[in-house]
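Chain nomenclature is as follows: A, B and C, assigned in order of appearance, with residue numbering initiated at 1 for each chain independently.
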Amino acid sequence: MPDTASEARNRLIRRVVLDTGIAAAVVIGMGVARGVYSNELMLFNFIVFLALAQGLNIIYGFTGYLPFGYVGFYGAGAYGFSLVVMHLHVPAMIGMVAAAVAALVLAVILLPLLRLSGAYFAIASMAAAQAVYEIVANPDLEDITKGPYGVSLSDVFAPALSYYTALAILAGALLLVVWLRNSRFGMSLQAIRDDSVSAAMSGISVVHGRTVAWLLSALVAGLVGGVFAWHISVFYPDTAFDLSVSIFSTVFLLFGGATTLCGPLLGVFILYGVYNVIGIAVPQYFQFTYGALIVLLVLFLPNGLVSLLTSRGIRVP
Amino acid sequence: MLTSAIVAGVVFGLYYTLVGLGLNLVFGVMRIVNLAHGDFLMLGGMAAWWLFSSFGLHPLVSVALVIVVFLLVGLPIYYLVVPRLLRSRDSEMLSLILFFGLSQMIEAVTTIALGATERSLPPRLLGVGPMILLGTRLPKAWIFSAAASAICVLFVYLYLYRTRLGTLTRAVMVSRDEALATGIDVNFISAVAFGISIALAGVAGVFAPFILGSITPNMGVAINITAFAVIVVGTLGNPLGTLLGGIIYGVSLMLMQTYLSSWANLLPNLLLIAVLLVRPEGILGRKVRRA
Amino acid sequence: MRSKALAVGLLCAAAAGSANAQSAAPAEIKIGALYASSGPYASISMPVFDAFKLWVDQVNANGGAEVKPFGKKIPIKLIAYDDQSSTATAATLYNQLITQDHVDLLIADSGSVLTSVGVPIAKEHKQFLFDVSGTGAAFFTDDNPYIALMADPVSTIWPHYISDFLGDEGVKAGIRTVAILYSTNDFTGTQAAALKGFFERDGKVKIVYYQGVPTTTSNYTVLINNIAALNPDAVLELGYVGNDIAFLRNLQDSGSQFRFVFTIYAGTEKEEIEKNVGISAMTNIFSYVPASNYEYTPNFGMTLTEFREAWLKKYPTGSNVAFGANAVYGYMAGLVVERTLATTKSLDQMDIHDAVFALSGQLKTLDSTFELRKDGAQIGEVTPLGQLQPAGKEELNLVAVYPPDLAKGKAVLGQ
């Protein structure tokens, strides 16, 4: 244990530098990769999942709530962007702001869900995401959202700019997690997660903490959804609200290890990487292996890959 | 149109009672969310299809076979998976993930083995032509499945309230730790409950081709959400509650289809959220959970 | 030393130059395709893919496809990926085929939904997209030359024989009202909208019910009751295979009778629907007569009978894939590719475009006449209206009943 305040401060600074360094390495790596590897869409998908896993990390890793319907914010962001661009003909960056706003509005509407716990919360959030999908995809709303017939945003199509914007969002998400890992606020969130009653007794505002985490998490997903809509420019509502986006993000997060910075990164690079290499050719066999991997993970390594180190007391950034 | 929607809704809803019954039992006893429930249902349906197309076995006969086989299969699955799961810190969440993994495995194997095309059973097996109930034309298959569902609800009720095993199960449902402390073999009770739950899913699956038209390997996911809506509305842990939940769902769905047809799919989700926020213990509930 | 190096260098340059003048022929022509082996679109995608594979095998068995710019036959290599009916996966895979595998020709997956994500990607990378069966009208715009629809007509004109028939022979037999129930997706939604437009334009038959339901709808009992309460003469149900199965079963269960009932897949995927619904529920239902049930006279490629034989040889009955319209579409796409390679000036994508469009009006295959509009939409190959009429004890024949020049029998309208 550090003896003096200055030792503690130095330790903190070292940690922050290390964490930020890792974040920077990932962002720069993904930026350089675009020049090297030409299947840009696949790289883009990597960035999407890297960011989403971190967004989910903010809410699950730090408050213990796992929203199975996380994709709802992603879809809200995608549609927020699309509606503003389609109807108001604004430039893409304004669309991104709209995406963030849409996700935050949805998060505020769904705040009451935080009263629920555990599985109830997970399923209710899944139902909420489905509900938003059903509303957006409804043919009666075709004039506004194009209903089930899909969105086409060819005016703002800009693969390079949207890729780098996504990279910026990833950087933001990573820095958010670094901040949470090394700040008092982040520690208070973990206290709430572990035992909310005791945390409240020691003066931490439980409701405030959870709300902030929830909003931040939704914001990340909303921005990612918006940049997804921008990059791909043609999509159907069931792509934007596809439950497998939540599921994949959750699995990547848990596989790597929640609450850490590296856990989700590892999870995405390993699992999504394998998926892209093998899964394309033999998807059914891959689906089976994926499912088996998840089962084994939960049974034997429920705290993720990083628990191999953290259970021995080694701090993983 | 209104009466026929309501009558159709009640009968149709009874099918969803059957779908939710097993899920209710598992969640009540083990606090485990079986996300593979819909896939076991699908397996029941595929089994009925295969038994019919290979051996000409009538689905009502297949039901008996499915019950026995699924019950026996449920026990080892339980023992392999659940005790370890319950020892971890966040078992509810992890159970979600684990059974999701299981559901992926089941879907993958089924697609590899049988291909992805729609499968169905000939309608004539359960009678062609409508049955008229209170002025409403209903397919005969619905009557059969409603009857099967009512029988299953009765069976579960009798099991829980009239048999020794059932009483012990209710003890476990109230508090697992206390039950363990009083010497109850919690694992065995839970395993039996799990087996029954999958058997019920299988029965629902056998009727699925008639109620839903056709079955595909990946139909499980959509069924799960509806099943959750049904059991949550109807109170967790109480089979009679699932009965009510199914009927409420069925009637609402038919009313939506009549008056607001393109919004019909929104219903189970809104119902679920509304109930969870307004009355989380469900229609019949004494408070079973603290939020 | 220096002059020797110079000489060698010049020699190499000359050799390279003359090789370019000859255009070194590639060892194989790479064709990229996507298919869905699972999910809601598998039943329309697998037959297309399997039929295309059949064409590839046939062509390669003959030494390869004749490729005009190199004046020789070159074998075809098929690079195919499974998108599992997911549009997101499909998008990544289209990208992969273009940017990583550098395919010479790109074939879309089956159906509007899985084709849609490929359209902007192909346009952006300037790769011509052979759209097999994606009939969504939005794909074909004047500013995008990198697409053409191969095997079935664009959704906005496809259903016109239905409204023509009802307005013509239907009205003569006393039909006045029609109910339209459709699934809300690009394919069937566009057809419904087109039909609504046709009926309103012609003004002879009145629409009394026009409702959209989600594509995942699997029970139609209440909907059928609602329609029956309005007593229409004709009922049109426009949905995918799963919708048709549920609708036809529920219709039979309900005992409701209408004079004219139409579904898209009762004819287009007759075998599949028969397996799931049964003969009695399909009797006297109207549908499209797809090329898999109508013997056209081709000027290129196999006839329907020959194709069916070849199909059964390669995929004997009992295998998981159904022979139907989609199988014909897949083979048809292959035929267009074959003619394109045989007539194109080069493998440059705009030359491919020109070659494909030059076939319009000239190419007659087992899928009828290939005719393209300027924006790439298919305006030929319109399927006649047909009815499933009993032929013997346990069999139904899909008989073309309209238009008169393609009809092989008379329609039987109910009471």
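The rule we apply is simple: a contact is a pair of C-beta atoms (placed from the backbone, for glycine too) under 8 Å apart; a residue touches a chain by one contact, two chains touch by 3 or more.
These numbers were taken from a predicted model, which means no experiment stands behind them.
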item: A-C or A-B, whichever has more C-beta pairs in contact; value: A-B
item: Farthest chain relative to chain B (centres taken as mean CA coordinates); value: C
item: Centre distance in Å when chain A and chain C are each reduced to the mean of their C-alpha atoms; value: 39
item: Length of the line joining the C-alpha centres of chain A and chain B, rounded to whole Å; value: 32
item: For chain C, residues that touch 2 or more chains besides their own; value: 37-38, 184, 212, 214
item: For chain B, residues that touch 2 or more chains besides their own; value: 111, 262, 265
item: Per-residue multi-chain contacts in chain A, two or more chains; value: 139, 284
item: Residues of chain B defined as touching chain C within the complex; value: 1, 4-5, 8, 12, 111, 114-120, 122-124, 128-130, 136-142, 211-214, 216-218, 222, 254, 257-258, 261-262, 264-265
item: In the complex, chain A residues that touch chain C; value: 38-42, 45, 137, 139, 147-150, 152, 154, 157, 159, 232-236, 238-239, 242, 244, 276, 280-281, 283-284
item: Touching residues on chain A, where the partner in the complex is chain B; value: 64, 66, 68, 112-113, 115-120, 122-124, 126-128, 130-131, 134-135, 138-140, 243, 247, 250-251, 254, 284-285, 287-288, 290-295, 297-299, 302
item: Chain A-facing residues of chain C, complex; value: 37-38, 81-82, 84, 86-88, 91-93, 95-96, 99-100, 113, 116-117, 119-121, 124, 138, 184-186, 189, 212, 214-215
item: Contact set on chain C toward chain B in their complex; value: 37-40, 42-43, 46, 184, 211-214, 216-219, 221-223, 225-226, 229, 241-242, 245-247, 249-250, 252-256, 272, 275-278, 280-281, 320-322
